[in-house]
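Structure first, then comments.
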Amino acid sequence: MQTIKRLSHAEAQILIAGARDKAMQIGVPMCISIVDESGNLIAFERMDGGKVHSIQLSMDKAFTAASARKATHEYNAACTPGSLVFGIHTALGGRISVVGGGFPVVVDGEVVGGIGLSSGTPQQDMECAEAGLAAFASA
Amino acid sequence: MQTIKRLSHAEAQILIAGARDKAMQIGVPMCISIVDESGNLIAFERMDGGKVHSIQLSMDKAFTAASARKATHEYNAACTPGSLVFGIHTALGGRISVVGGGFPVVVDGEVVGGIGLSSGTPQQDMECAEAGLAAFASA
Amino acid sequence: MQTIKRLSHAEAQILIAGARDKAMQIGVPMCISIVDESGNLIAFERMDGGKVHSIQLSMDKAFTAASARKATHEYNAACTPGSLVFGIHTALGGRISVVGGGFPVVVDGEVVGGIGLSSGTPQQDMECAEAGLAAFASA
Amino acid sequence: MQTIKRLSHAEAQILIAGARDKAMQIGVPMCISIVDESGNLIAFERMDGGKVHSIQLSMDKAFTAASARKATHEYNAACTPGSLVFGIHTALGGRISVVGGGFPVVVDGEVVGGIGLSSGTPQQDMECAEAGLAAFASA
């Protein structure tokens, strides 16, 4: 029997709050998704003004990061023509995302969930996601 | 130019809180989705123990109710073999849901969003959705 | 070599105008789709206030009617549990629609396109679609 | 409660007429899609001879431009291997389009809809979309 560690909804809210605070600070309304270790959505927030396509994209970034156990921008760096990883970005009907802004949530070396941001530039998305992770780490 | 009224994220949180309180009271962890007037997700919460398939199902109930401007259990009542509405439940790749638990959010006679619950029986889902609507109406 | 008769865009506009006039008369803003003999969209109109899910649904009704060469309400009548046709409503990922409101467009006994309406009751959808066909027949 | 501005169907027809006139002038029959601020289709026209795959593609360009609030050719320029945005073109099952020919429709600094053209070269698609925007701006 396996025992699995999984983010609680209360912890997901901490991640969202941290990301939202940064998004408000930089003035970019964001879509914020938190998934569990299996990539399934726990919590989602579209700030007023967040983009419609970013609803799904933030979920897909979080899903990809939790499942692949790496940030989407790391996948991005490897996903160049000629690399054996190239093409991963079209897998699962495009649900795998290599756009920056998705990070695994790691506790004691174990991936317990993922966070995905979308609506800004990939750099802004990453900055806000990292703020969410920092809020969680210091909670 | 048309002028449209749309739920804010703050209002979506009131709807979720009302539904969550009722879900805790009856002891059934729920998936709760709030969409805007166009059916696009504003907020989502999976309470610890909420069911995985209910993530999408709660979104689809909220989408259906907001777009059709009627509760999903009303569609359900009309969707029987031999009725001209039969078949609506498989439309849009099954995204149209006629399972009880989705309601439009109406303000001054206008649909401004939708709420969808899933994880319990349809009756439980409906009870919690209505608690969300009541919390919003009295806010 | 086959020679195919296909609705022109100008003819599609006549069909839409006839359906729109009836929709305005009964006070129900509609989604109106016209497809060619292959089921591919020629023209679409969402009247102000038409429903979001009806965008796709009107297209699917028109597609089904043009391809099946019968009205969707005729399919509906046959699509009851126990009938060998039952299940057709979930085919093609639900793109086949048996909800009333889709009609083939027939010229000299040949199907040259389809019209699909959605946003009202199936009866209202059918009434407006038939008004579109009448406008085309008398043009 | 948020208040949103959305293109009316009458305004969508102005955009289509402007794009169609240019398409006729350059002799390339086009698929023309107009969506609202949430990316949902308001009006569509396939000129006689427009390409079948361009039906969906014009919708996806309009959707992308309205949601991302930028032209699809701008996304295209950023979407090169090694860029953190790379991979966006396969998101949402490929519904995100970075092919030139999609533009947001902006009024008083607010995105109220989108226009997408397809059937020609991207340059031709862009030229016709811009003609639609010009017709709308001068109406």
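Things to note:
By written order: A, B, C and D. Residues from 1 in each chain.
Throughout what follows, a contact is a pair of C-beta atoms (placed from the backbone, for glycine too) under 8 Å apart; a residue touches a chain by one contact, two chains touch by 3 or more.
Remember, it's a predicted structure, so these values are computed and weren't measured experimentally.
Compared with chain A, the chain whose C-alpha mean position is the greatest distance off is C. Separating the CA-averaged centres of chain A and chain C is a span of 42 Å.
Separating the centre of chain A from that of chain D, both taken as means of CA atoms, is a distance of 29 Å. Our note on geometry: chain A versus chain B, Cα centroid distance of 25 Å, whole angstroms.
As a whole-number value, the distance joining the C-alpha centres of chain B and chain D reads 31 Å. Multi-chain contact residues, meaning those touching two or more other chains, occur in chain C at positions 48, 52. Chains that are in contact with each other form these pairs: A-B, A-D, B-C, B-D, C-D.
Those residues of chain B that touch chain D in the shared complex are 1-8, 11, 36, 38, 40, 107, 112.
Put simply, chain A touches chain B in their complex at residues 8-9, 38, 40-48, 52, 55. Across the complex, chain B is touched by residues 48, 51-54, 56-57, 60, 73, 76-77, 79-81, 89-90, 93-94, 97-100, 121-123, 126 of chain C. Touching chain C in their complex are the following residues of chain B: 2, 38-39, 63-64, 66-69, 81-82, 84-88, 90-96.
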